[in-house]
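I've put the structures underneath this note.
Two complexes come next, and they have one chain in common, chain A, joined by chain B in the first and chain C in the second.
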Partner chain A sequence: MATEDTDAPEIEHAQSGVDDITGGMKSQLGLTEDQNNLMGLAFILPNIVVFSIFLLGPVLFAFYISFQEWSILANSGTFVGFDNYVEVLQPAPIGIVDGNIVINSRTLTDPTENLWWFALRNTFIYAVGTVPLQIFGGLAVALMLDKRVRAKKAYRAAYFMPVMLSGAAAAVMWRWFLAADGVINSFLEPFGAAHNWAGDPATALGAVMLMAVWGGIGSNMIFFLAGLQNIPEELYEAARIDGASQWGRFRNVTWPSLGNTNFFVIVMAIIGAFQVFGIALVFSEGGPYYATTTTVLLIYQRAFQEGAMGIGAAMSFLLFILIFTFSYWQYKRQQSEEIDY
Partner chain B sequence: MARSSYEYPGYERAGVTYWSKTAALYIIVTAGALWMTLPFWWTVTTAFSADPTSAEVSFIPAQLTIENFIQLFDRPDILIVRWFINTVIFAGAVTIFNLVFDSLAGYALAKINFWGREKLFLAFISTMMIPGMVTLIPVYLILVELGWVNTYKGLIAPLIAGPFGIFLLRQHFKSLPTALGDAAKIDGCNEFQTFYKIYLPLAKPALATLGIFTFMGAWNNFQWPIIIAQENAMYTLPVALFAVRNQYFADWGLMMAAALIIVAPVIIAFLAAQNYFIRGMSLSGMKG
Partner chain C sequence: MTDHATRGTKYTRRHVLGGAAAASGIALAGCSGSDDGSDGTIEAEGSANLELTGWSADDTESDFVTELANNFDQNNDDISVSYEPVQAEYEQQMRTRLGGGEAPDVFYLDASYFGSFSKEGVLLDLDPLTEVDDYNLDDIFDPLLDAFRYEGTLYGIPKDFSTLSLYYNEPVLNEAGVDEVPESWGGLHDALVAIDEAGSVDAPMVEFANGRMFWSLLHQNGGQVLSDDGSEVLLDSQECIEALEFMIELRDDGVLAIPSEISVDWHGQAMGTEAAAMSIIGPWALPALENDFADVENDIGVAHIPYPTSGERATAAYTVSYSSAADTEYPGASRQLISGLTDDEGMAEWARQGLALSARESHSELEYYQTHDRRRTHLEAGEWSHPVAFGPESNAILNRVNPLLEGAMLGEQEPGEALERATRQINSEVL
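Presenting the complex of A and B:
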């Protein structure tokens, strides 16, 4: 092979020649294909074991459990078919009775009707309310800090601090700030706006969302700061020469260039929002009157507080399908967008 | 840095527009930063206040005390030292296992040319799309069967390897030249020695980033410990805080003191090694 390189002195071939030489040395050193396979397997085996026992196996096991009535004492189940799914989903907001489509909107407003749909509604409200604010808040902060701001590092640290906080600690802290006699009310009192934010079913979910936005801006800021670093300056220069306004430069240079970051940030934020659990549990334990009962919190209560493992597994599978469908849809959308640019 | 000249080029600098824009920028950024940091200040003032009412703790308390912290150690049902040790053991073990397993796998996926390597890597990465709560119930039932509920083993085992670490270290090992390993092998190193003596020392920055990030994640983890640690003596700090909250609701001074014990180590570590935290965060953004 090396002699061929001298016959055709092209740069690309020189590179492949180096690979061939080292490849030849490897075989001289006795590293055969079999030995490589064996070595690779040995290095990766611990991970394969852990992933099989604690990730892939359990996903299949969860599917199995969702069709069982599970006994905690015996730690075994009896097959009940789709009973768990039916119990979770009925009564549904939209059903078919005698060939007619029946809309039962009470399932979305009355927690005693069907807690699954009510919790799903809470989770949707939470996701719709928090995700855009977390993302655009993070982007806005990143754009501001990317400019000529003094003490940039100190500002960045300030915005990042909530990210490092345990959700449990954040929830306890905000419960105190938002308590009826808490710090925030002491600021609102002069304006007559004091309110028992955590104790009122109408505002409790909003309070959890405020806390989530507070804790979520910093991490998105970091993702966007990293994304902004990768945009070539020449693009901005070209846009200026073409007379683009500041908004035009953002719309046509910054935003499209952040494509991959946007995709990742949006998907992660929504997957996270659909799995919100700890802050809702510690802040208000799902209450008052189920106002902060999210789907994962409901799964936790059903499975681990009431021992209904089959119901819990069915719920978690339904949520899994929801999250997977969404991620896949975003992924397809991202791919079709990429062709445009 | 250089880019900011495009956003605010020199010829705009002297004008009124420039200065009012700059002033507005600073006001907004500072207001946001206050919103982010004031809660931490209120937590500190409440924890050290002799009379934690809202009027007292909003700015600077009139009377400072460490009574709340003494209470944390004195109350018989608050095992703050035990909980702290539990959390250190839990987060420490999870971090060490992750570093060992992920660096082995990351190295193999980057440097050993074995059959099915790329497919295996894709399989590992795609497990990131599995939402954590799907596996909660089955993993718990498996650990019940093993009798690992309320044990350190049960706390640690399900978290000892993760796709993020494999991805991060694989990318890092891939960026190191293959020639180093070939040279080591000519000198008589076997594959493991090449990994351990040549490549691993060169991966120290990536290992530090992953280590800090994993430790922080485990330290703050709530979802898994609350399921597996059901006895007071086995709680980790976030779970314990939830238990304290239920026991001493409205004793805000005590609760903020407990919250500070969880928060303070992370904040101190962050201020000491800010770049590692930021780097870990932005790398976790690259995995998409």
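Presenting the complex of A and C:
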């Protein structure tokens, strides 16, 4: 409450400043408010047109064909209602039979039972394994490189380098590294830990995750560096005067001040993790034995290799619902934790 | 000297190609107004500009198809052909182009996804070619032609094909005391065990994790993938299970490695580096062996794949068609181009490139195959070959079977369990 009272005059002052500016424009350009709005609309029109044609339109069309048995070759389809969604989701891990809840855990462990659920499980494992490491790794590197260290720019460039590399190139490179006679096994061999990392269903997903963490730290580092540089130095000075330790300054100043950056980085990392495709395709083509079959890779196989566009579209919308729900939940959580200074 | 010789060769080849194209033009354009071949001719629709497309395995193929197209162009006054190869995502590009009504006139289609195109009625009927004089369709191996038929209608003519055969390193076999190339499954097993005991290679035999040779072995053992009416897969039959069990027995006995276990990418590399003594592979390995492993190349022989004593000779084949779009502006000219590219001389010239095999049975008599024993062995197998193509849902079937074969090869599942699951999954989800 106190914060709101204190902020109120500032907001009013800021608002009057905006009015002055727009009022000035009005008088200079001789535009009414309606004309001004129209001009604003004209400015964003190119974006709306491009967005509608190349993004919104295809998305809505994909939603439409998720209710069709659609042939891309014939460019036509047959309405099948929710059949595609039912086919994708059944059998489900949890079902109701004769009024009793039945758990079918085989859908999560046996790819032949229902590949959608198995691929979703793989994707969850991938997300849980990569997102925290990408985020905390990015933050740790950003904290290290935010200080006065020698060759800071060179380190930043080195950490950012994987971001500039295409996923396909990175996947090919990591295949070499992780090959039976690859450089990683050369180091592990003396300890008896050499292994066919990419060829073993038990370790292939881990290998893809390793690659994703390596590639994800650099981009998060850049976002965290930007966030760190936006934190006012006065806050740190005040904390020092109050006798806060290094950890105390991080816990009470740095971390809360990175709220918006955290929200952005977490949401983007989760979306990226759920949409993992290129590296899984190039590194192992979803194998061995479905070990790296992720949801988007499955969508690609169904829609583009098998021509089952309706099934592929239904899978895409199920994935969209999942990502949207998670992002919205994260957004609400972030709003409730937001701190203003 | 070299320049002169090269030019001389080119001149000769151009001459042959030109002659072939002209002959096709005369035979096909004829003087009839009909384009249905009822009087032994096909006529183009006046002036036609055809677009020919395909993927390009390498520059050699690209240059050669360009030359074929140019020669056809020069020898057919009313038809001009432009060749526009597609570099990536060929199948997806063709789907969208055909779906959008923007398809080229003549294009390649791989047998593995041909069925999904023919089912949608987007391909031009090529049955009129069966009636054309001087175009001997009967000479093309039946299994290959059948791969491009849908509900009795022909929608593609094989451009070429490849069969799988047994490659072996003769000195390594001799060193292990294997004097004869094995001809039976039992003989193959014993030979591999002997090679393993001799210990001169990383692995006696190599095969991909998805067990590609299964598609040959199942037919050798009397199995089949689809029922005769194509309504169900029959991979859970005893014959198919026994074929997979034989492969898994080789794995269990430690005589069959997957490439990543011996640090190679594919069979050709395994043979060329002498990491493996045997492998079942197609003729595409030969240019790689000849060019990249010249010191080992002469030690490597090619034989027909061993088969069970109670079974029959069989092998898997991979083939590609020339097809045309149903809505092409120039159906007659497109048929003419396809026939020109696949007639006796057109296909012989293609075969002489050594990239893939001629789809014409009579070409085993060509001098080229008389002097290229290994390719002749591949060609002979065309007679008992089974294209890896399973109707309109071929990709969906392969996408479900291959991972399960991989599961069996990697010891995640028993062979019978893998094939029963694949059968159940395909019959309930796909067919």
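The working rule: the second predicted complex is superposed on the first by the 292 of 341 C-alpha atoms of A that agree within 3 Å, B and C clash if a C-alpha of one lies under 4 Å from a C-alpha of the other, contacts with A are read in each partner's own complex, and residues count from 1 in each chain.
As a convention for this text, a residue touches a chain if its C-beta (ideal position, glycine included) is under 8 Å from a C-beta of that chain, and two chains touch if they have at least 3 such contacts.
Keep in mind that what you see is a predicted model, and the values were worked out from it rather than measured.
Asker: Aligned on chain A, chain B and chain C: do they clash or fit?
Answerer: Superposition check on chain A flags a clash between chain B and chain C.
Asker: Under the stated touch criterion, which partner chain does A:D181 make contact with: chain B (first), chain C (second), both, or neither?
Answerer: both
Asker: So, does A:A92 touch the first partner chain B, the second partner chain C, both, or neither?
Answerer: Neither partner.
Asker: Just checking: does A:G286 make contact with chain B only, chain C only, both, or neither of them? Give me first, second, both or neither.
Answerer: In the superposition, A:G286 contacts chain C only.
Asker: After the superposition on A, what does A:A244 contact: first (chain B), second (chain C), both or neither?
Answerer: neither
Asker: Contacts for A:P58 in the overlay, against chain B (first) and chain C (second): which applies, first, second, both or neither?
Answerer: In the superposition, A:P58 contacts chain B only.
Asker: Would you mind checking which one, chain B or chain C, touches more residues on chain A?
Answerer: It is B that touches the greater number of chain A residues.
Asker: Applying the touch criterion given at the start, work out whether A:I323 contacts chain B, chain C, both or neither, answering first, second, both or neither.
Answerer: first
Asker: On the A-aligned overlay, A:I222 touches which partner chain: chain B = first, chain C = second, or both, or neither?
Answerer: Touch status of A:I222: first partner only.
Asker: A:N75 in the overlay: touching chain B, chain C, both, or neither? Say first, second, both or neither.
Answerer: A:N75 sits against chain B and chain C alike.
Asker: For A:F304 in the superposed arrangement: first (chain B), second (chain C), both or neither?
Answerer: Once the two structures are laid over each other on A, A:F304 reaches both partners.
Asker: What residues on chain A does chain C touch that chain B touches too?
Answerer: After superposing on chain A, chain A residues 75, 179, 181, 304 contact both chain B and chain C.
Asker: For the complex, give me every residue of chain A touching chain C.
Answerer: Contacts found on chain A: 71-75, 87, 111-112, 179-181, 196, 198-201, 286-290, 293, 301, 304-308.
Asker: For a test of understanding, state which residues of chain B touch chain A in their complex under the given definition.
Answerer: Checking each residue of chain B against chain A gives 2-4, 6-9, 25-26, 28-29, 32-33, 35-37, 39-40, 42-43, 46, 53-55, 57-58, 100-102, 104-105, 107-109, 112-115, 117, 120, 124, 127, 129-142, 144-145, 157-158, 160-161, 166, 178-179, 182, 185-186, 191, 195, 216, 219-223, 226-227, 237-239, 241-242, 245, 250, 252, 255-256, 258-259, 262-263, 266-267, 270-271, 274, 277-278, 281-282, 285-288.
Asker: Under the stated contact criterion, what part of chain A meets chain B in this complex?
Answerer: Those in contact with chain B are residues 22, 25-26, 29, 31, 33, 36-41, 43-44, 46-47, 50-51, 53-59, 61-62, 65, 70, 75, 141, 144-149, 153, 155-169, 172-177, 179, 181-183, 185-187, 214, 217-219, 222-223, 225-227, 231, 233, 236-237, 240, 246, 249, 260-261, 263-265, 267-268, 271, 274-275, 277-278, 281-282, 296, 299-300, 303-304, 309, 312-313, 316-317, 319-320, 323-324, 327.
Asker: Okay, in this complex, where on chain C does chain A touch?
Answerer: Going by the criterion above, the answer is residues 91-92, 95-96, 98-101, 116-117, 120-122, 209-210, 258, 260-263, 393, 395-396, 399, 403-404, 406-407, 410, 412, 421-422, 424-425, 429.
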